[in-house]
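The structure appears right after this line, and notes come after that.
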């Protein structure tokens, strides 16, 4: 009984600040001189309009498809590479300098090169997403594979299990939680990267390019100066980010029921 | 990566053992450098071969061309000018971000009530990446210095805040208990026990903040600034001068790495008791 | 729920003089635990960590509480320290009820709880610098006391080292020195030697008795309440041993340890020592066995 009332209390307190800020924003907006200033009510109206016309869902779908493809590419390359690096020290020592050298170079910095090589289309965007997601995935996979208790490995080899078999039966399961962390971070980074890439492409391709929510945001900025619509897009970006995180957490939980997270 | 001190030894080491340990560390560092150079050499050779095969200097310039570009840009200081501008922006945004995030994080970590009030707002704003703010920020600030700094501050704010909260929460309860049994008043416990104990986590949070800010700098400058490394990359791309593009990209990577090293060194200086 | 009559009877007992035990102390008790009980968790089945625990500890006495894992020994110590309040019963120092932690009842924790950002010297002097033990003392007096403590526990040469640079045995000395620097009346120690290897432990048991002053008269010694699960350690150190049962933790027996002081390796070899150890083991054995086969967790509800 105490628990339920306490929980209701918590939710109420949680909404207090956002609602207060929203009210403040509304007040400032309606009393402001500037005609362009976005107001919560207008933003809500714009959101309704964009959803109804199908523009927003389409843009989100376009962005999401690129994210999923890029993410899959990053995982398909990153996980086996990470496992190999974790299992064979000499391999890791040789490859690691390359990874560590490129890691500080954000995906968005590679975008101009990608545009140069692949044009302003989907392939460039997918490449950026894959590049962005690759690093968290591979780094966490390596950490997971290396983090396997060496005593476990020794126990396995004293049982006469071959090196490759040990990788499959001991290292992979033990590294799965860390791989999961890498996938979660990678998904978050991938989504940020696609928004950035589409935004940049939109800015450079002068409103051309092939859609997606980032590009839509830029169009609203550059061509129609529809601030309300920009804010709708921002909120959509946030909501999709949350949804993706929940999705991947769900998938991980279902496929790895023995982990607590 | 430093290993923890072996627990078996008493705190006193014989001098020659210390010398031997130092020598072996140096040897290991030296071999790591050699491996690094070997890998990068292989990488450069493969790159040169592919460049020779494709034969298109705009698409894939040879490593030599890029190197020449780097030297050229360094000689007329353009490389350093843009690097300095980006770096200065990042420092500014980190200072602002830390001044906002650290006190708030300390307060939220200590007070359950404050956390419950503020956290939902944080969680609503956090998924909206700094980059998504660029169009709106462009409208508010226009192209210039303020835009990248705003975006970078926003990007760095969340990792620093969340890391600070986690650090305060994870302070070993026994340390606070020990202080209480010594008759130390609550306020002194906050300043003399909780804050020093949370400092290592704060350093980790700062590292993440630096990384987030540096990632945001490129995106922000690419779109909305008249100077800086991101701007330079895009400028030279439009001129189809790929060697220069790559030169600046390399500089972005190098500077990012150096900043991370800087924060790690700061962490080692401020918190020598924490494992590196 | 207790009836009104039961509650009244409890009040009466709490107000009475404490019951006489095997070795009745001649002076009034330094520390009094009267029908102390501690419950954790709300709802239908709370965990009862400690139940109806009554014990008097004399001034200058070295009392050891021994029992199987999870029997509530640490809870009793926390209550004595003032870090926890009892759900039932009362606990008092020199007749004054204990309500919060303070330097009069210094604590040595299981994992030392040394401040990692302070040197040895900084740790030992921490209470003197920031807490009440240092009140009225000049800086020079404080520094002198820190130096004295360092001498006493044998840490000369390590004053400027950080905890992470010290071995387990040295950290334990620092924790002890920090405790002593605040000049507590009572020393509460929660399995301080548990993290050390067997050989270091034997050495430090000797050291502990020396530092405590085992060859001084009882009136001039500090009172110690020491927790351990090692029976030989308990018998070696104690004037009396309090044996606790598994959860819920109750006082099973109070054993007098009439071994002469000063105690040393010869004591450990004596027949009387062995016999006492066997007696106590006999009392605990069943409890210890049960602890290994039931899957109870330390916190949260009991799963029996």
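Think of it as A, B and C in the order they're written, each chain with its own count starting at 1.
Definition applied: a contact is a pair of C-beta atoms (placed from the backbone, for glycine too) under 8 Å apart; a residue touches a chain by one contact, two chains touch by 3 or more.
Computed from a predicted structure; not experimentally measured.
Nearest to the common centre of all protein CA atoms is the CA centroid of chain B. Taking the mean Cα position of each chain as its centre, C sits at the greatest distance from subunit B.
Across every pairing of chains, the maximum count of C-beta contacts belongs to A-B. Each chain gets one centre point, the mean of its Cα atoms, and the points for subunit B and subunit C are 47 Å apart.
In this assembly, the C-alpha centroid of subunit A lies 19 Å from the C-alpha centroid of subunit B. Our note on geometry: subunit A versus subunit C, Cα centroid distance of 52 Å, whole angstroms. Against subunit C, the residues of subunit B that register as touching in their complex are 4-5, 7-12, 172, 174-175, 177-185, 188, 192-193, 196-197, 199, 271-274. Subunit B makes touch with subunit A in their complex at residues 32, 35-36, 38-40, 43, 58-59, 113, 116-121, 124-129, 131-136, 138-139, 211, 214-215, 218-219, 222-223, 229-230, 233-234, 237, 240, 242, 245-246, 249-250, 252-257, 260.
On subunit A, the positions that touch subunit B within their shared complex are 10, 13-18, 21, 93-98, 100-106, 108-113, 115-117, 191-192, 195-196, 199-200, 203-204, 217-218, 220-221, 225, 227, 230-231, 233-235, 237-239, 241-242, 245.
Every residue of subunit C that touches subunit B in the complex is listed here, in rising order: 81-83, 100-103, 105-107, 109, 111, 113, 115-117, 126-127, 130-133, 157-158, 161-170, 182.
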